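First chain written, first letter: the chains are A, B, C and D, and each begins at residue 1.
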Amino acid sequence: MSIDYQRILDEIVEETAFLKGKGKIADYIPELAKVVPGQFGIYLRMMDGTAYHTGDAFTRFSIQSISKVFALSLAVSLLGEKVWQRVGVEPSGTAFNSLLQLEYEKGIPRNPFINAGALVVVDMLISELSHPKEDLMEYIRMLAGKQEIYINERVADSEKQFGYRNAAVANLLKDFGNINNRVEEVLDLYYDMCSIDMNCEELSQSFRIFANHGKVPGTDKPILTPSQTKRQNALMQSCGFYDESGEFTFTVGLPGKSGVGGGIVALFPEKFTIAVWSPLLNEKGNSIMGMKALELFTTKSGLSIF
Amino acid sequence: MSIDYQRILDEIVEETAFLKGKGKIADYIPELAKVVPGQFGIYLRMMDGTAYHTGDAFTRFSIQSISKVFALSLAVSLLGEKVWQRVGVEPSGTAFNSLLQLEYEKGIPRNPFINAGALVVVDMLISELSHPKEDLMEYIRMLAGKQEIYINERVADSEKQFGYRNAAVANLLKDFGNINNRVEEVLDLYYDMCSIDMNCEELSQSFRIFANHGKVPGTDKPILTPSQTKRQNALMQSCGFYDESGEFTFTVGLPGKSGVGGGIVALFPEKFTIAVWSPLLNEKGNSIMGMKALELFTTKSGLSIF
Amino acid sequence: MSIDYQRILDEIVEETAFLKGKGKIADYIPELAKVVPGQFGIYLRMMDGTAYHTGDAFTRFSIQSISKVFALSLAVSLLGEKVWQRVGVEPSGTAFNSLLQLEYEKGIPRNPFINAGALVVVDMLISELSHPKEDLMEYIRMLAGKQEIYINERVADSEKQFGYRNAAVANLLKDFGNINNRVEEVLDLYYDMCSIDMNCEELSQSFRIFANHGKVPGTDKPILTPSQTKRQNALMQSCGFYDESGEFTFTVGLPGKSGVGGGIVALFPEKFTIAVWSPLLNEKGNSIMGMKALELFTTKSGLSIF
Amino acid sequence: MSIDYQRILDEIVEETAFLKGKGKIADYIPELAKVVPGQFGIYLRMMDGTAYHTGDAFTRFSIQSISKVFALSLAVSLLGEKVWQRVGVEPSGTAFNSLLQLEYEKGIPRNPFINAGALVVVDMLISELSHPKEDLMEYIRMLAGKQEIYINERVADSEKQFGYRNAAVANLLKDFGNINNRVEEVLDLYYDMCSIDMNCEELSQSFRIFANHGKVPGTDKPILTPSQTKRQNALMQSCGFYDESGEFTFTVGLPGKSGVGGGIVALFPEKFTIAVWSPLLNEKGNSIMGMKALELFTTKSGLSIF
């Protein structure tokens, strides 16, 4: 049962066309609001090395929350199980930037993919790394197999200037004793990593270790153990899409992570990674065409993990 | 890489022995509290028909919330997509019998596996079936491939007598207009299905359709479509373990469903179904030895979906 | 500084005329929805015995939640301080029928004037009285100085038939162990007392003990001690208007109690009681013209307790 | 019925002696934790000018949240009704520094006496005053009839250094658009005013305008209108004691305001003001001996507003 993947991608482009123009660009910071809305790209990379793409698969965009996956992966490789003393593994059930649960649960964020959890993970990185920003960038470049991955400084500055909500979250974490470094330092690195620009091709490459039991394909170097990799994927499944994680699991059936830049990366262990991008978001902050594209992909290919 | 499954089961028995006596039997109704705590059974059934078991795999126990999977499956086969107009697909993030979200979200339960959601599903069954109780039992017997599946009437009576919390939930749903039949009728069928007695062998059999794209193995009869089956499994992954669903996904990495009788059924599509049972529960209402047994199983076998 | 109260009442009628037709009749039960909306009455009764009235001050209406004051007063006279072991004295901060707090606070209602609290008070009365319904009616008639006070049976039946929300609350209380009698029995007496019909003249009379340190004026019989009376008034101030209690305190500045029948009774200790009635409600469930009338009354007379 | 106030104060000292050593000093900042716990003072000032005192009535302490009354009073005198567009008048029903309601209610604090509300009031003052800190101090000195009222700079510095929770609240308000000035500027003035040192004698003097329809006694200068004064008192009644406001209303029956420095000021319009101080707090943050002293005072004197 050989599948014509290119044809599936082409069909997806056709069948999602009716969604063009639907949704809203992330406009909470001026820099993000400048993106051209109509763009749409897909990059599918099989674990055997073959690859398929369509549309704007080589245009870079702000990866935003997708960066939380890299930060967590690095923290787990540095700290192992100790990560889970300071952050949970349960879906939040509420909006991604909610302060409610944090208050009820005494400063232990529900999971590492809500903002609060990612801030705690970033705090761990600052404590563990001698040059946190440079070391994290190095790590991401290694996963992407490419040196030319950069932070978009204008986006980072814009985030820092208007990030009152995240400053509220970080101060609350500090009050609960779950931030060890200075609040400003944690916020800075958090915004830096969210402001990285990557394209679908690069993202599909950088997620291959998660489909490969923790090794960068073509190397023997284990970045994560198989068990750590399983857990990273499980977390993407449970918590990768803010309070729409259940919906993504239900309709798509792959572990993945979205960002408010409009990107989504998903994967099937041992089979493939796939990155989609389209900047217009639904009210939960996930790319409308991206969600639909992935739903069509698993339906057409039959390649859901469930 | 042939795996010695029997040896894995035997190792699990050894390695979970330290947990014996830990936890608490469900004691909210007198009948459930009568179970002998030390019991422990596993039944593993591969999709190729081979099977392995250990311990009390043939002792029947109260399936409790596991029955919600059968009810949902039957409702989806009767009503298709219409089910999702009255119940959501997101994890709840709070205790399984919480009234909080129901009130905020205007009577639409978060998912069909919290009590509120299951009550709505049961209400659908009452509206659709001519003999709801008999028809549901017939459906479960068909999935289990066995006529001798019964409701434990003493348990059912006990539940009905002390079920003030569920009566609160059902009345609230009725107030929001999301129960169409009489509150008492809905509660009665809900308690009846929760009070079914089954053993690990029977449960592992009855879940095979979910590992077989919706067909009872050995038949050509599609009970669910492949897409409906995928979604049913996705929901078990997201929402199958109350507010410990993330933890189960994280440590075990299989879709499954637990009940306060101490049973858990999990599955790997196209590969196997597995049922475990041990009555002592953690504070979230899930079997302590059952959770550990399944974690050890996927770690030892490498057979997690992630 | 003698005040021309009749003129003040007349001015209020003029100055509230612009509100005629604004708001919504309580329509959650068909019987209540039948009331003629345009009605408006005020009855002011000074502690020296003089009285003033205007409009429909002698037309009876459903007193609804105002009855909770009578129930509490009777419970306190029977049980004293023990009442406060099962119900709190803090404003709820949320809608009057909310289940949220009840769940967080383990079945101890915030105060005796939210539905949950009143149900617990009614449960106390059932335990303490030999003929709860008759004895409560007798008590109210004694306070009103009049035998002809009755339950509107059509309203009571209608409440019982559609009261799913209160059934949810009562079952939740029962689950938490804070209802000792049968749920149905508690709901029945609760609905009976809410369905009493009284007019402004009768209500202003029946609240006189609260402005008279606990004695029915003209008698020597202390129904409540001065301290119990102070507390009853304090509770009306803090909690008498659902989640609009702060607003009423802020704009009117008198202790009082409202009902969804459109009635409000307020009082100034040692000075006066005042009852207003107009059936059209704001979204918090309080009479729009009644609230405005009382605000104008304290502003014009200078007679706020603050 | 002349009352021997001095004897009442003396009795209170005796009858609260059993509470000595009960409770906990506010220790969230090191400077506050340095206070000597056993201190206890009362200053009662009748509106006719007579005064009574006992214990440490002339020892200064950190007025903390009592300062919120001064800030609100000044804001109302500057902005009138416009204040209520940005802050509510309802009790919060939750802990005084809760972020929950703020998030649900979109950045409009429940009332001006929770921290969030006071921060918004302080933001108003910064926008309206040319020298906010100096002008606010001038206002308080005018009310106290005394120039020697100062900010305790060590306390203020300590608050600024450890105030992560308030920084979280202020950033959240800023995110919702309900802070117009810089977050740091607002926090600084907030901490400055909380760090003012005053004694019972000074506090009882400075609250006299609220018992005098808005005029400083002995002057003709109306600081607030009678209606504004009524509302200020009403707010103290509803919201002056964090989530123990109902309890204070219930047991004491006077409008008042507490601070975590252990001070409480209360008043009876046209009759008296009273300030008590004892540093050991209950878990709600209110002075244990102070609450008891005021309860005894109104019980013994019969002088509750209810």
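In this text, contacts are C-beta pairs under 8 Å (C-beta built on N, C-alpha and C of every residue); 3 or more make two chains touch, one makes a residue touch a chain.
All of these numbers come straight from a predicted model, not from anything done at the bench.
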Chains in simultaneous contact with subunit B and subunit D: A, C
Centroid-based (C-alpha) most distant chain relative to subunit D: B
Fraction-based call for subunit C against subunit B, same above half, different below: same
Centroid distance [mean C-alpha coordinates] between subunit B and subunit A, Å: 32
Centre-to-centre distance between subunit C and subunit A (centres being mean Cα positions), rounded to whole Å: 55
Subunit B and subunit C: spacing of chain centres that average the CA atoms, whole Å: 47
Interface hub residues of subunit D, defined as touching at least two other chains: none
Every chain pair in contact, whichever chains are involved: A-B, A-D, B-C, C-D
Touching residues on subunit D, where the partner in the complex is subunit A: 98-100, 103, 164-165, 167-169, 171-172, 174-175, 183
Subunit B residues touching subunit A - in the complex, by the definition given at the top: 88-94, 101, 110-111, 226-227, 229-231, 233-235, 237-239, 243-247, 249-251, 253, 255, 269, 298-299, 302, 304-306
